[in-house]
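What follows is chain A paired twice: with chain B in the first complex and chain C in the second.
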Partner chain A sequence: MAAATVEAAGHHDTLDPKTRLRANRLGLWIFIASESFLFAAVIAARFYLLGVDRPEHLNQELALLITAVLLLSSVSAFRAEDAMAHNDRPAFFRNMSATLFFGLVFMVGVFFEYREGMEFFPPQTLYGSVFFITIGLHAFHVLTGMIALALVINLAAKGHYGRDDYWGVEATVKYWHFVDVAWVFIYPALYLVSW
Partner chain B sequence: MKRVARGLGLGIAGWLIGLNLAAVIRGTQHVNDQANIGIAYVFALSGWLLGVGVWDAWVRGWLGLKPKAEEPDEGWRRYFSFCTDHKVIGIQYLVTFVIVFLIAGLLAMFMRWELMSAGETIMNKATFNEIMSLHGILMISVAVAGVLGGFGNYLVPLQIGADDMAFPRLNALSYWLIPPVAIMLLLAPLAGGFDSGWTAYPPLSETNDVGQVFFILAIITFGLSSILGGLNLLTTVTTMRAKGMKWSRLPIFTWSVFSASILSVLITQFFAASLLMVFLGRAIGMGFFDAAKGGDPILYQHLFWFYSHPAVYIMILPGFGILLEVLSHFSRKPLFAYKLTVGAFLAIVVLSVVVWAHHMFTSGMSNTLHGPFMILTEAISVPTGIIFLSALGTIWRGKLWLKTPMLFALAMVFNFLIGGITGIFLADVATDMNLQDTYFVVAHFHYTIMGGEIFAFFAGIYYWYPKVTGRMYNEAMGKIHAIWMFIGFNAVFIPLFYVGVQGMNRRVADYPLAYERGNLVASISAFVLGCSFLLFTWNMIWSRFKGEKAPSNPWNATTLEWMTESPPPEHNFEGTPVVHDSPYVYGLEDGLHAELGEQEPELVGAGRPE
Partner chain C sequence: MTTPSQADIAFERGRRRIGWAVFSALAVLTVVEYLMAVNLSKVLLWMIPMAIAKAALIVIYFMHIRELWHAEEEI
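Moving on to the complex of A and B:
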């Protein structure tokens, strides 16, 4: 979805660039709205089944750390998009690579989360079920976001994109922000709420 | 053609690779291991999609490879290829779902045969449950995607004066996600089938045969297809309307598709999420719905109905759209209360997501929820009533032209009225306590969806047949089909109301002798109803080849799709459509909905971003 800019062989796009960009943007926002309902469903399940209960063994330090890293990655993603909008390619590559790196750090954090979770609340328990489906869905989204980031970096290195044509970058960055915002809801729902 | 073959090959290869890989990694060899099946399916689906066109259409571009110049398929082969033309995709949807409709209808015939008399007639009870479930989910898929995917794709760009959808390749992808769904559902009986109905409630759906996993994987894929299709329709209507096509000038069918798409884009995720939870419960023992682990099966019902109640509006709203479209064109009158009707569509979109728990009055959920959900549900009859008002106001003192589409539309008004009125008894907590899970519910639901949407679907098929195929259907056969289907349909389901009120349970292969007479009538009528589709099929096939050539506007209708040839050329319009007025300008001296402006050749392709 994210980097869908290159037209298929044989297909002729008759939209003018302005309308194309409008359509692309609207399509992406609808996609994001749809995806947020997926996360809403699992978070709703968490409160339905468990209210605001949470287990004793939650690695708060780790969760806080990866939350900070993910928030930081949104900053660099924003700066990367902005750099491309101003044709500042070195800054684009710097910030894009930083975003990818923060994403990687986050995923390493999720791996430790997973290991601790398996020990203290395996998926066969109620909290474990909620925890693993939410973390799993989110991690899947982070992973697809990282793949998109890598593809965009690769395309930019090959000379694609410029001041007037950087939809692929914009889409990837917006998607990345969405993944980040989803985590902003998931983190308190899994780690912070309690009486 | 080549791509479809490649997709099939890669899909099967993906299945085998995934299955073995999962077995090796997870250290279980059993073919029925459900997690392994899930992993294998992800590989198979990826292989199929990459082969059928995703690789060429997207991935090459993502990787920065040169686009491959492949000869596009011509003629009938286009229908078996990753074709991005919205008209081809619309026909792919229509033909696929008419076939699925006929298959699922055949299953209904077997059910009615079994239910013709009490006791075991032709099949055992387990088989009946599987056939009932398969009939249910296949028909639900027809109802969700037949009108929205078929007519939505074919007609929305034409009605708004666009030359294609906003995302043509995504459009092709949403269609090519359907074959894996069909394959998985039809293969499920080989894996033991699924017997939990189309609703797949746990705990049954967490403990029955492996066929249920096939169901889950298929329906999650189907949901993805609906979401992508809805996204495309919303974007197309928003950004690609012709000059002068204000929101207040959109044909009512396009409005209905737009409203239904809002719902399908947002809420489908809840069905996917709830089925994912069932799958994870089965495959690795997660405890969402397992009371022994502290879970709660009622959570499934909440998540499921949060999708599936609005889903009936995804089905019926485009049906209303076709209904009003046909009524206006065949009454030769402007659509009555157009703006109010559009408001009613949008009101239904909002209201439909806050009524879901009326399916759960007897489930054991908190009693405090009964009152609010009853009142909200009954509030939906206000916008629905407005739609009826629009239908009746349009016919009122019109000059009715009783062609086949009009007969179907009038039949739908009658059927849906019964469906709507019987719905009140189900929305009302006190009566629902007695009627829940009886044939009254079955009859009510079939009156709304089959009597409502499917009748509208057929009205649409006959109405747009000349446009889509370029040939006229046989009018006499069409009229006979309409009357035959109307009588047959009512003769099946009125007796079922009767046995339902008496207390006959649904989804059971057997019943006490007291219900035998009503069931016998329903079964015989069902066979009569079933035969009407043979006539329909014959009419469609025969007229496609031998029918009279259709003019561009056989109905003297005003909307834009009739201002181009039948069938439309590849870029839809020879010229640039310009819209001046409302789409229903009948009886007005200077009424002109739209005209085709000069072709502006420098525009075509000039805006292509390089």
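Moving on to the complex of A and C:
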């Protein structure tokens, strides 16, 4: 068994870089698809439990603000990946740090959302339970994305990655964009829809 | 450190434009969603296509989903 594993690992190492990159990308997209089902489930639960109504006490301005911040973070993440693809390391560090900063601002906004939510629709209520599960699940993904961003910045500072090998950057940035896509559906589902 | 060529600079400017163009489209759609939600009722059927359009912009332009079919494509 162990020998087979070693052999399999050895075989993996003999893959040419392009094939390995294609396999990595496919694996990441399958992972993202599986994560999408998780978010689809909580959004479906929102409509199943609450119908298409929304409560009065929702801080629309704060939600709009943190949505804008998250969308902005996608631009800086896009530019960071692009910078590494063209070996522009100063631009990479600048844009990656900006992405991390926007993530932090988003999390501060979520903290204020949580505080207001506790006051107007605590977790014991139907809307509260849906709200806290959905926002909490998403915030957890933002947090893990921020940890990944910090790790990639640290590795890049130590000289890792370059024009021909930046899979770590690409994967982290794609994951960050996925977090943005999830919010694109969560935001209207929790704050905007009405019938 | 190598000096970027004119082609690299032009390419970089093009990429930057794409980034900001996609962000602008996302921002406009988000503001339209918000204004509809706070000013109108029964907006569910408008929210669905707008959310799908926003997600498609991110998946196509920022996440480069086409790489799955065209492996050689430059980001």
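One rule holds for everything that comes next: the second predicted complex is superposed on the first by the 183 of 195 C-alpha atoms of A that agree within 3 Å, B and C clash if a C-alpha of one lies under 4 Å from a C-alpha of the other, contacts with A are read in each partner's own complex, and residues count from 1 in each chain.
Just so we're on the same page, contacts are C-beta pairs under 8 Å (C-beta built on N, C-alpha and C of every residue); 3 or more make two chains touch, one makes a residue touch a chain.
Not measured: the values here are computed from a predicted model.
**Q** Please determine whether it is chain B or chain C that touches the greater number of chain A residues.
**A** Chain A has more residues touched by B than by the other partner.
**Q** Now for A:Asn59: first (chain B), second (chain C), both, or neither, which partner does it touch?
**A** After superposing on A, A:Asn59 lies clear of both chain B and chain C.
**Q** For A:Thr144 in the superposed arrangement: first (chain B), second (chain C), both or neither?
**A** neither
**Q** Report for A:Glu81: first if it touches chain B alone, second if chain C alone, otherwise both or neither.
**A** The second partner, chain C, only.
**Q** Is A:Gly128 in contact with chain B, with chain C, with both, or with neither (first, second, both, neither)?
**A** first
**Q** For A:Ala44, select first, second, both or neither according to whether it touches chain B, chain C, the two together, or no partner.
**A** first
**Q** Have a look at where A:Asn154 lands relative to chain B and chain C in the superposition and call it first, second, both or neither.
**A** So A:Asn154 only meets chain B here.
**Q** Per the contact definition in the header, classify A:Arg22: touching chain B only (first), chain C only (second), both, or neither.
**A** The answer is both, since A:Arg22 touches chain B and chain C.
**Q** After lining up the shared chain so the two structures overlap, which partner does A:Ser97 touch, if you call chain B first and chain C second: first, second, both or neither?
**A** neither
**Q** If you lay the two complexes on top of each other, which residues of chain A touch chain B in one and chain C in the other?
**A** 18, 22, 26
**Q** Which residues of chain B touch chain A in their complex?
**A** 53, 56-58, 60-64, 67-70, 72, 84, 163-164, 166-170, 227, 230-232, 234-236, 238-240, 265-270, 272-274, 276-277, 280-281, 284-288, 293-296, 299, 302-303, 306, 571, 603-609
**Q** Give every residue of chain A touching chain C within the complex, in rising order.
**A** Those in contact with chain C are residues 18, 21-22, 25-26, 29, 52, 60, 64, 67-68, 71-72, 74-75, 77-79, 81-82, 85-88, 170, 174, 177-178, 180-181, 184-185, 187-188, 191-195.
**Q** Would you mind writing out the residues of chain C in touch with chain A in their complex?
**A** 2, 4, 8, 11-12, 15-16, 19-20, 22-23, 26-27, 30-31, 33-34, 36-38, 41-44, 47, 50-51, 54-55, 58-59, 61-63, 65, 67-68, 71, 74-75
**Q** Which of the residues in chain A end up touching chain B in this complex?
**A** 1, 3-20, 22-23, 26-27, 30-31, 33-35, 37-38, 40-42, 44-45, 48-49, 123-126, 128-130, 132-133, 151, 154-155, 158, 160, 165
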